[in-house]
Structure formats: C-alpha cells, structure tokens
Amino acid sequence: MPILEIDHLQKSYGDTHILHDINVSIDEGDFLVLVGPSGCGKSTLLNCIAGLEPITGGTIRIGGRDVTGVSPKDRDIAMVFQSYALYPTMSVARNITFGMQVRGVDKATQAAKLAEVARQLQIEPLLNRKPGQLSGGQRQRVAMGRALVRDPRLFLFDEPLSNLDAKLRVSMRTEIKKLHQDLNASIVYVTHDQIEAMTLATRIVVMKGGVIQQIGTPAEIYNRPANMFVADFMGSPAMNLIPARARTEDGATRIEIDRDSGGPLVITDPVARQLPAEIVLGVRPEDIHEATGQAHLPGHAPEAGGEVLIDVVEPAGADTFAVTHLGGTPVTARLRAESAVRPKQMFPLAFDLSKVSYFSPQDGLRLN
Amino acid sequence: MEWLERNVPKLVLAPSFVAILVFVYGFIGWTAWVSLTKSKLMPRYEIDGFGQYGRLVASPRWDVAMDNLFIFGALFIVISMVVGLMLAIFLDQQIRSEGVLRTIYLYPMALSLIVTGTSWKWILNPGLGIQEMVRGWGFESFTFDWLIRPEMAIYTVVIAAVWQASGFVMALFLAGLRSVDTEIIRAAQVDGIPTHRIYTAIIIPTMAPIFLSAFIVLAHLAIKAFDLVIALTNGGPGYATDLPATYMYAMAFSRGDLGQAAASAMIMMMVIFAIVVPYLYSELRPRRDH
Amino acid sequence: EPSAEVLHWWTSGGEAKSVAVLQDQFKAEGGTWTDMPVAGGGGDAAMTALRARVLAGNAPAAVQLKGPAIQEWYEETGLADIGDVAGENGWAEVLPPQLAEHMKCEDQWCAAPVNVHRINWIWGNKQILDANGIAMPTSWDEFNAAAEKLKAAGITPLAHGGQNWQDATVFETLVLGLGGPDFYRAALIDLNPEALTSDTMKQVFDQLRTLRGYVDDNFSGRDWNLATAMVMNGEAAFQIMGDWAKGEFLAAGKVPGTDFVCWPAPGDGYLYNVDSFAFFEVEGEDKQQGQKLLAKLIMGPEFQKVFNLNKGSIPARTDVALDEFDDCAKQSNADMNADAGDGSLLPSYAHGMALRGAQAGAVTDVVTNFFNSDMSSDDAVQQLADAVAATM
Amino acid sequence: MLRWGLYGILILFALFYLMPLFVMLTTSLKSLEEIRTGSLLALPRAITFQPWLEAWSSACAGTQCEGLRPFFWNSVLMAVPAVAISTVIGAINGYVFAQWRFRGANLFFAAILFGCFIPFQVVLMPMARMLGLMGLAGTIPGLIFVHVIYGIGFTTLFFRNYYVTIPQELVRAARVDGAGFFRIFFAIFLPLSLPIITVSVIWQFTQIWNDFLFGVSFSGAGSQPVTVALNNIVNSTTGVKAYNVDMAAAIIAALPTLFVYVVAGKYFIRGLTAGSVKG
Amino acid sequence: MPILEIDHLQKSYGDTHILHDINVSIDEGDFLVLVGPSGCGKSTLLNCIAGLEPITGGTIRIGGRDVTGVSPKDRDIAMVFQSYALYPTMSVARNITFGMQVRGVDKATQAAKLAEVARQLQIEPLLNRKPGQLSGGQRQRVAMGRALVRDPRLFLFDEPLSNLDAKLRVSMRTEIKKLHQDLNASIVYVTHDQIEAMTLATRIVVMKGGVIQQIGTPAEIYNRPANMFVADFMGSPAMNLIPARARTEDGATRIEIDRDSGGPLVITDPVARQLPAEIVLGVRPEDIHEATGQAHLPGHAPEAGGEVLIDVVEPAGADTFAVTHLGGTPVTARLRAESAVRPKQMFPLAFDLSKVSYFSPQDGLRLN
C-alpha cells in the first residue's frame, strides 16, 4: 500500500501559483527525493505534506487516510529542517524529549527512547549541551534524533545537509542512507544538490517552476533524462549538451558537431534513429574518454570521436577534467588522473555512444 | 600622512571622547565632590566629609523615596514587560488592523507627561475621573481613589508609567518575535506542541536578549522618572510618591541644599551603575559574529 | 538706554496683567524690557533657571525673590546695590521697618517690594454660614464647634488642597493662632528646639489632625483655587488661605460681605508674605540703568496701587491711598499697621519669608507627612525637632 | 470565539492608551462653562475651536500674549539641528565602533553608553557653568549643544548595533579599492542607513522636543522652547485656569512628535528589528 | 622573480597567536590555494597580504618590494571576498568603476575598462542593476569584475565560491581556472573546499591552526600527503585511515587489519619497509577496487585484499560508493557504477598498494 499519495495537488499564494498538478505516490520504505533549483517549490510541497501550509486543490493521503485539514501533529510524520530548528534554550536531551513530554508520554518511555536514539546517532556525550554549543554536524544529528523518537510513518527532510560543509555533507549523507536502510523508514527528502539526490534516493522527483519534470529511480533519471532540464540538472559536472546536426545514412545515424578548428567533427551512431535535422546531443563527461581507437569495453558501441583543442585542464585527485569547445559550448570530459592531457593542445576524445541522449532543441524533450 | 590615515578613526572619535569625558564623567566627579561639601544655594568647594550622606540616610523622606523607587521600579518594569509581551504576542496573531493598533500602543512614548500629566490627574482623580464616571453609571459604591491615598498613590504613578512605556516594550518584543526563525515554530508544530507552549517554552526563552534590552530601557526610565511624578502627584500626598529624582531636584532647586542633592545624586548613580554595568558587560563581551 | 531682563513666575492672567503694567511704565520711560517668565512648582522652575543663569555668569537683571533667599543669594553671589534709588525715593520712610529689613543685604538695599499678602485669613461662604447660624469663629474651639455643626448638616467644613505648601499654610496659621506671636517666633523663626517639642506644638498638631477631619476625602493634589471654588459654590464653608484667594472670589463677581467673608484666623498676629524683586549684579551701563529704573518704578505709588488691585494684596508702601481697594484689603492694611507696633507682624514660614529654604523644607516635610498619615502628635514634634536639627 | 476574545482585549488596551488623549481632545473643544459643569469624560456638547486659536496665538505666558507660536519656532530651531547633528555624530561613531575597532574601543563604547543613563538633574549646574564659559548660555545654540552631547550615547548605540550587522568585508573591499575612511562612510555606509537613521531621528526628536528641564534651565528670554511656554501657560499658580486652552496648548505642543510617530512608526519598528535589538 | 614572498610571518591578536612562522613564496603566474579547516587562519593570512591587517612579525614582499606598513590600495592587489562585498547601494557598473573613480582614473578609461571586463565576464545586461537584484553567480562575476579592472600584480580570493550552490560552484570554478590561464595572473586563493583546491591550484598550502602542514603541487599533496591531517583533509570522500599492524617478513611487508567478521585481513606489500608495529594505513577510496584476483593494471603492484561485509551502498551517477568497516572505522571504496555490490552482503575488495600511505599513529607523520 502506498504510504503517501498526492493527487492533483495545487498550491497558490493568492494569485501566484506555486505548485501545478502534482501527482506522486510512494510505497512504504521508499526514499523519495525532491530535487530542483532554488524556488521551484520543493519546500512548499514538503510543507503541504506536513500540513504546515494549507493546500489549494487536490488531495494528500498518508497511509491511505486523507489528511486534508488534519493538523501537522496528527499526521504521524516527523520533519527535519534546513536550519535544524532546534529549540535554542533547551538542552539536547530536552530538544529530543520535549515533544513526547507534551504528548504526555511517561518518563520511563521518554528516557528509554532518548537513550536508544542517542546511542543510534552517537550523541550520548552531547545530551546536556545547548544547541549553541554544538557544531553543524552535531546539530544535524540532534534534529534527526528529534524526528526519530516520534517513530512516524513518514519522515520529511528539508535540505538537512545544505548548511554543512562539503566534507561533513558527505559523511552525514552516508549516515542518513544507513539510517534509512536500518529502519526501513519511508522518507521524503528535499535537496537542490543532485549528488545528494542520486546517492540517497530510491526514487527521485525532479521539479522546476512548480511542475514535475521527471519521476524515476536514480539510474533512470541519470541515464535517460526526460528532457534537457533534467539532463543538465542531474550530474556533476553537468551532462554536456552539444548542438549538432543529424542525418540517417547507411542504416546508421551520422552526427555532425561544429568544432573550433579543423572542420566539423562527424561521429557515427550505428543505430538508425528517427531524428530531426537539428538536435542536441547529450553526453556525460564520464562518457567521453581518451580515444584509443578501439571499443572501450567489450560489448559496447565502437568509439566515435576525434581530435579537439583542450581549453582548460583541472586535475581533481582521482580524475582529471578536460574542457574543450564543441558546437559552440564548453564540453567537459572526465579523464583518468594519469591522462596526459594538457591545456592549449589537441587531444583525441571519443564519445561512448551507447550512453548518449538526443534532445529536441525546440521543446527540450528526449528523442531516443 | 600614513599616520593620519591610520588614526582617522581615533581622531574622529576624539571629540565625542572629550565631550563624554567632560560632560559625563567630569560632571559625575563634580557631583561627587560637591556631595562632600556643605554647599547650600550654590556650589562650594571646601571638603567637609561624608556628612551629607549621613543626613541622607537619616532622612525619612529619602527612605520613602528609595522605598518608592524599589516598589515603583519593580512594578513598573514587571507590568510593562508583561503587558508589552502580551500585546506583542496578541498582535503577532495576524491581526487585521495591526498597524493602527501598534501606533495607538506606541504613541504615548511620543508624548511627555508635561503634556499628558493633567489629563492623567483628572482621570485618576476620584472626584472627576474614572471613579466618578463609574458611579455615574449607577455603581455607587465603586471606589478608585488611589491617587489620594498616601499608601496607594505610588501605584497610580505606576499606571501612568506603564501607559507611557509599555507600548515601546511591545514594539521591542514584536521586533523580537518577528525575528524568531519560522522553521523553529514549524518544527514545534510538527512536534505537536500546542501554540501556548510554543510561546512559553520555545519563543519567549529565545528572546532573552530582548528582555535584557527592555529591562535596561525600563530601569533607566524608572530611575529617571521625574516628569511623571511631578505631573501626576508632585510627590504627594505629603511626600508619599517622592522618588530619588524628585528628592534630588527638590533639594537642589527648591530647598537650596546642593550638598544634599549631590549626595542623593551619587546614590542614584550607584544604583544605575549596579544595573547597567552587568548589562554593558554582557553586551560587549567578545563573541563571534557569524 | 536702560534695559532689564526680568525673571518671574507671574504668568497667570491677573498676575501677568499686573506685570504688564510695570512693563508699560518701563517702556514709557524709554527702557527695553525682556520678559523671562518661568512658571511651575511655585517658583521652583524659576529658581532652577536662576541658578543656571547665575552659574553661567549671565544673571538676569531682576528676579522675583523674597524673604531670606534674598540674603542667601547675596551671600553666595552678591547683589546689586540700589541704595541710590532707595535714598532718592525715600523708601525708608514709606516702608514698615520690618518689611524694609527683608529688602536689605548687610545694610544696603538690594531688593524692592511689590506687595504684602496676609496669610492667616479664613474665608467663608456667607450664605452657608448664615443658613447654619454660624458667625465667623474667633477661637479655634469655636471653629471646631462650627465645623461639627456644618459636618452634621452635610457640608464640608473646610476646603483644602493637599499640596505641601497648603498644608504648611494651615500649619503656620495654627502655630500663630494657638501659640501666639512669641511662640511663633520661637518655633518657626528661631527654630528653638524647646518650642518645637513643646506641648503647645503638640496642641498645634492635634488641631491640625482635627482640621484634617473637616476636609473632604478628595483633597489630595487639589489646586488651591479649586478649593476656593468649593467655598464659592457652596460645597464647603471655610478655607484657610492667603489673600490671593480673594482674587478668585472677585473674578467670579462675588462681593465681600455679601457673598463671602474674609476674617483673620483666630488668634493674634499677622503673617505676611512680601513679593519682591532682587537685583543681581550685571555688567553694562544700560543694564544697571535698567535696574535702577525698575527699582524706582516697582516702588512707585502708581504701580503699587494697580498691581495690588489686580492681585488682591495690599501695597508695601504705607502711603498709598486705599480708596479703590475692597474691605478685606483695607482690614489687612489696618491690621498690618496695628500689629507692626506690637511685634505681632510676622513673616510667613510657609511662603519662604521666615526661614532658609532647607529649613523651611524640613519643617514642611514633617507637616505634610503628618497631615497625610496617622502619625501621632508626639511623633510629629520629635520628627520636627530632628529634621530641623539636621539642617543646622 | 478565541479570536473575538483576542480582538476584545486588544481593543480594550487601545482604549486605555487612548484615554488621556481623548480627555485632552474633548476638553480642548469645550467651553470653560461646559468644563465646569459637565463630566470630564463626556463628549463636548458644543464644539468650539476658540481654545485652539487662543493657545496658538494669544494665550499669555508672562507679559507676552502671543500664544505658543513664537516658542514653537524656537523648538523647531532647536530640535532640527540638534537631531541632525547628534544623528550624524552617532552615525560616524557607530561606524567606527562597528567597523574600525581598535584597542580600547569597547571600553570607550561602554563609557559612552553609560552616559545614556546619567540623570539629567545631575548635570544641570555644571553644565550651566560650562555653557557660560563657552558663551552659549541662554541661547538656542547652547540648547542644541546640550542636546547633542547627551544624545550621542543613544545615537551611537543605535548606529553601532546596526553597522555591526554589515559585513566587515565591505570596508575591506573599499579599502583595497583605495577609498579612505570618510569616502567609505559617505559612499557606502550612509546610503545603507535609512532604517536606523529613522530610528535615531524619531528617538532624538521625541527626546529633544519633549525636553523641559534643559529648556527651562539653559534658555534665555526669547529662546525658550515650546515646553517651557506650555508649562508657563498651564502651571500658573494664581488666577482662573482655562483648562480648555491648557489642553489645546498641550496637544499643539505634542503635535510634531505625534505626527512623527504616526507617520514613521512603522519604520521605527522595522528599524528596531534591523539593528538596535539583538535577537 | 617571485611575485609574493612571505618570510617568518607572525600574526597575533593580543595574546592569541593566529599565524605561526608562515613561509611561502610564489612565482608570477602561480595559482596558490590556501586550504584548511574553518578558523585555521586562511583569511587572516590573506588579509595580512592585502594589508588589511597589520602583521606582528616577519615580512611580506610583493613583486620584490617590502610592503610592511603600505596601505592596501598601494600594494597593487585586487581582492574578491566570500560575501562578494558588493556595495549594496551602487549599480553594478559603479561597483566596478568605484575604485577607478577613487583613484582618479579619467572617465573614458573607466568606461573602456568597464566595457572590456563586462564583455569578458558576460555581465553587460546587468550593468544597471543593484547587487540585490542579482543571483549568487551574477554577484560573484561582478565581484570578479571589480578585481579585474584593477589589472593588479596579484589577485587575492577569499572563498569566492563558498556561497554558491554546488552546481554553480562547479561552473564558476572552471571560469576562474580559465581566467587564470587566459590572463596568466598571479593568484592567492583561499578555500576550505579541497576539491576547489585540487582543481584550481598550481600550488597548494594546507594549513591547520595557523601552521602550514604541507606545501606542494596538487598531485604531491594528493598522492603523498605529509601527515594524516593532510591525508584526511584532501580528497572526497576522504582517504580511509585504517589502524593496522605491520611486520616485515620475507622481504615484504605484511599488514594486518581487523575485520568485523572472519578474523583479520592480511595483505602483503611486496616492498620491505621500515615500519613500526602499529601503523595507520591510508588508502583512497578510488584505490580500493573490486577484487578480480589479478593485477588491476599492468605495471602495478598485485592486488591485496579480501572479502568484507558491506554496510551501505551509495550509487552516485558515474560511481558507486560502498562502505564497509575495517580496523574499527568505516572504509569507503569507490567502485564503478556497474558494480554488483549490495548492502549487507560480503564483497571482495582489493587495495592498490602502489598508492597507499603509511602514517605513524603517534605523530601522524608519513612513514613511506
């Protein structure tokens, strides 16, 4: 049974329509990530689910029950906020138990739950501190603790990691993932960081301007983006979107890309596709390799590419990024750290055509 | 030139520094000096010891003034805070005509009691004001005659003072309420905390710095309360509503007893010092701005 | 060209008109008059301003000052010598010697008197007194008896305003009335500790307590003119107040003898309050000229007459014809001349004629506290003696 | 239901706050006769504007019977420069304390703040002497001087607390750009300061306009501010009191401050939120 | 000639020593990145270079000239700040020209420079806006523009990207890199993001607590961290630091690592090394592979590893991270996206021993 069903949800502030016809449904144990650029309505949607904002149209069902008009505390949810929203004057322990206390849970149960959650999150030594004396990561844990003691049917997270520094973000991400696996909890999670979305989600909802762009598993979203917005948004560095010309010839598809020097780059997709003349070729940086003149891995399509002029080289530890200029835009390739690529020099690159996407330049929709 | 450039900030502050040094601390020093003399009508500068302080301590009127300061100060501060906080919380509930109400609550701060004193005197006067009016409605036994009862008169001063300052306190608290992170309130709502508990357990405790600011402003008004008493009771009945400020003024300017006035001023200043210095310390204690 | 800046607190209609007369005369003589009125607190605010001006080295030419304060200021800062004017105009001859003493600082003339107020008056509502068959009392016992009678008839016997100077006015009237001139002098001029703690003083406080019983509940903070209005309107029968109260009656069109009566308070003696202008030392020929001109005009018979007609008091000069004055004023003048001879013409302590500010204040504190609490008379005399001792 | 109660309480308090103004207003519109006979809290039976005219242009304060008008202008001449100067000084001081800290700055700031709390009665006499020495006694510039001196504390506090919320990087960027102390202040900080200038101006204007003590002590004939004139009209000790004129005069004297509060009150709270309150 | 030389620099606030004996020197055209955790003194050092903070000891030379006591505007530097520090009341154009105006540059030159920089940074359409009307990325460009118009000898950047979201950060990073290559500018750049440091720098200074930990090229720092702090700090996910026991045996080094199940994992480093008995083994996630039983790449050391229990699996687009538990700490491996790794199952992992670091657990220093 789906734990959360959202049907034709609408939300406006006065005349401003923030959310348009949202339909989402998730099953028990799912980890749904809402992702999208700032201001696209992610928080608003989450707040609607929590009951913190009244909805303008449609229905929300949690565990099969229509919760329209039900107050947040009766929706059997718990929520973790971006700023953690810890009660600043209460100790960590009270922050966690305060809700129980108000609900009249008896002392012994409170203490037991607190102890359990504190152990789980490894915050035992912090219980007597005030939030002001905690680091960002510790605050984050306490906020999670406050949510965990509720044992809710549904967890809601609103960008819980965005206030942490890069390092901490990675390790907290792992912890949340672990928690999800351990508790088998149902989670709706908001972020604008697509890496977070990819690593955490079992299902991803990509939003833009209050409209859902694509719903799917991380792999679906990453490998088969529904449109150019999703393609560009998911993945870092972003998918290269290269304007190109296509024509079908000899049962294969020929793709022509403008190049700064030495005439257009022509590559051949062995599959005959129904493509318009003008297309946008989407290819992820890791699907552009140093050309070796042979198939990169057995069973894959043959290499297709050529020599290009490298603008910038950015070594980044495990990888090296090389930026060139094709079809009028910068194109990034993710190469091995050992690669001999140098800036301002020609270098042979090849596209893994089994993984490219084709988009229509008019409406941005996927063509293959 | 380099030197000038580097020291511009200090040079810019220098006039203020000199002014404060002379016109605040110099004058406090002068007062301290005069409090040790037998100055009468005009200041004299021969030191005479602590006689003035002895007289002050022995004076029943000064006793009354100090008692009044503590009664008045405590009540005024507590009631203003309670009323101000209550109004701020109520106004924070998406009230329709908030702007108008806020202005009404705030305007007394704009008026001095030189202006409104007479009006308050009438309102509180049993023969003219509220008591008379309520009796006029048929409640013959209604009594509200604090203004003329020596043991109650100080409370009428409290009423007028609360009238004047509580709106300002309301403004401070409203500003504070508005700056509380809305996510905290939402978190509490999801946590199932009822609205009144959200205020009492979460929001109000986070406003501690504002309580401190309000306390300081009110304490400073209480200690300086002068116009208020002069306009409302002129210290009466008898000297039942004397405060240190009015005592000092009477000594200095109607009695021609400057030494005595200076001594009382020094005591007042010590009270202020005791209140303000901890505040200044907490305000300026080094902390990390983020 | 003579010029003068005059600091005073005569701002109400009648007073201001009176001062305006002086101003007009001054201008007519070619002088420039700069008016510096500061009202409030019975002159407290004006004294605050005066002190600031003196400290700033910028004293006004003439200041409304009276009683020992003149000599106090003289001791502190010195005052201008106007002996020339006094000599030329023969002040010594036309002023009662006792009043003249107040105008002198170490034998030199330094101030000019404007008027004489009598303090120890009782004012009564004629209709009420007649209706209840009461004559003006000649002793405090009589007064008490009359008051009881009025009280029984549902009339407030005594109109009073609970301001400390009004309390002090009643008090000093009682001291003189019950103790007589010698006691008054011992107690409130010489501040003799024995007099202050004597049984007579206790009697005074007892009587004050009795009077407190004749006052309505609502007296606190009431202005004196509102108390006068109570008598006028028949809400109360008596008021103990200086003769400025007469101005209120007259302004309301009441006639002495038919609508209201003025009666010296029971007992012997005459308490006076003399308003005067003191002259501070000023720089500049024009200002000194102005001071002299002002002094001359203040003591001029014409001004003395007009001013006092307006204000309800009597001229300080004894040679002003009183034809245009009312009966109360005439009686006041007669009594003054009579009492001047036998030593019962006495300065009012309540109005700053008898004591220095600190001492007068100390006495008033005790009196007003007594009047507004239920202190016993024994405690009161003790406190009085202590408070006075502390200011010595 | 609850909401009605809420509104009920709020309105009740509004009535409490309005009561004195109501009394003043109704009284000022009544004839003396009506005041003597009717209830104080009653509405006027026949409205008359005579008392207002009288208070403005013909009531007597001393021998001068020109009403409040001349004194009103004295107050304007005093308050406007005093508010302006003390705000400018406060702004520069606050700018230094917030952005150009140096050793001992905090101590000095504390010393300035403490100056806010000194009772003004204490400084009357020595100040009089100083004004005399400076030749400012009894003049409007003298009054301006006094108000500026005792206003510095509060204005500095306001501006300092506001400017500390502006990142120090701004000053640094401008210094690298080559701008000096004053250039940075005028080109960058001043244009940012509108909210706190509003707070400072409202506060100072109210304090200075309503001041009586300094006005009565340090003014001379011809430089007395409106509060002193009001006091002269209202506080005479003898004679018949024209309560309606008193009340009209009181309201007239309070109009500028009332006006400022009603018009700028919104910005006042906003400015308080912006800086002078720590949350 | 070095463009910037810092000799024995000391900086204290009162009694608090913030910087201890800093010695750095960079050549013209170098891109020096100062990296380190929050509060380590990076900004302070940068401010000292700029002349915004007086120094307590040592000397700073810019272009050979001792600049002690020289005011910032005369140091021939330009600076970009973390919060961009745009003048909020001025238009974008004035923000950029303000400095020239202050220096009395004539109008025509101002306009020319403005136009040039605006074109370079593609902010022409924004010139009349106020900073409040710009997005984060646009603000960042304006701040850069303000620095560029100065044509300084040395650019100083204080965390210029830390206020941007992840996506924008990546693309701005590339732009800065490109700018550096195009202008051949000398840059000192502060960040606490080690990826930024790695991708941008030609030289990196790693700081901690006011002390320099290591200076070197990105590759040196990444591959041969001088101590455990540097090892842990640089790289994301961080280098795994696994407590282990070492002994030399048969001309090779045997490393024993505790494992949750199935006794210790023993691996063999074919090189005989002088190691103490207790060591910490440092290995980067990308140097842990799926074990295939053969050398991973020709010329590399043989694989060494075993079966371990996988706790968490995080697919992240191009890669999949697998987390296990070894030697008492979580250990992350970066596997190919196609990897068949599953949580809660045993999986064979192998370490690339040619790339591991050994550290002393006592002082944290590198041993090999």
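The letters A, B, C, D and E name the chains in turn, as written, and every chain counts its residues from 1.
Quick note on the criterion: a contact is a pair of C-beta atoms (placed from the backbone, for glycine too) under 8 Å apart; a residue touches a chain by one contact, two chains touch by 3 or more.
This structure is a prediction, so every number in the text was calculated from the model and none was measured.
**Q** Through how few touching steps can subunit B be joined to subunit E?
**A** So the least number of steps between the two chains is 1.
**Q** Which chains are shared contacts of subunit A and subunit C?
**A** B
**Q** Quick one: which chains contact subunit C and subunit D both?
**A** The common neighbours are B.
**Q** Between B-C and A-B, flag the pair that has more C-beta pairs in contact.
**A** Ranking B-C and A-B by C-beta contacts puts B-C first.
**Q** What is the distance in Å between the mean C-alpha positions of subunit A and subunit D?
**A** One centre to the other, that is 57 Å.
**Q** Between subunit B and subunit D, what's the gap in Å when you average each chain's C-alpha atoms?
**A** 16
**Q** Subunit C to subunit E: how many Å between their CA centres?
**A** So the centre of subunit C lies 91 Å away from the centre of subunit E.
**Q** Please set out, as single numbers or ranges, the residues of subunit B touching at least two other chains.
**A** 5, 206, 249, 252
**Q** Touching two or more other chains, which residues of subunit D qualify?
**A** 124-125, 127, 213, 231, 234
**Q** For subunit E, what residues touch not just one other chain but two or more?
**A** In subunit E, residues 71 touch at least two other chains, as defined above.
**Q** If I apply the definition of touch given earlier, which pairs of chains qualify?
**A** A-B, A-E, B-C, B-D, B-E, C-D, D-E
**Q** List the residues on subunit B that touch subunit D in their complex, please.
**A** Contacts found on subunit B: 5, 8-10, 12-13, 15-17, 19-20, 22-28, 30-31, 43, 83, 87, 90-91, 93, 95, 99, 101-112, 114-116, 118-120, 122-123, 128-129, 132-133, 136, 163, 167, 171-172, 174-176, 178-180, 206-207, 209-210, 213, 220, 223-224, 226-227, 245, 248-249, 252, 258, 261, 265, 268-269, 272-273, 276-277, 280, 283-284, 286, 289.
**Q** Note which residues of subunit E are touching subunit A in the complex, please.
**A** Contact set of subunit E toward subunit A: 38, 165-167, 170-171, 173-174, 177-178, 181, 192-195, 198-200, 218-219, 222, 233-238, 284-286, 311-312, 314-318, 321, 323, 330, 332, 334, 343-344.
**Q** Considering the complex alone, what residue numbers of subunit E touch subunit D?
**A** Interface residues on the subunit E side: 47, 50, 52, 71-73, 77-79, 81-83, 85-90, 98-99, 102-103, 146, 158.
**Q** Which residues of subunit E touch subunit B in their complex?
**A** 69, 71
**Q** Touching residues of subunit D toward subunit B in the complex: what are they?
**A** Those residues of subunit D that touch subunit B are 6-7, 9-10, 13-14, 16-21, 23-24, 27, 39-41, 89, 92-93, 96, 100, 102, 106, 108-127, 130, 149-150, 152-153, 156, 164, 180-182, 206, 210-213, 227, 230-231, 234, 243, 246-247, 250-251, 253-254, 257-258, 260-262, 265-266, 268-269, 272-273, 277-279.
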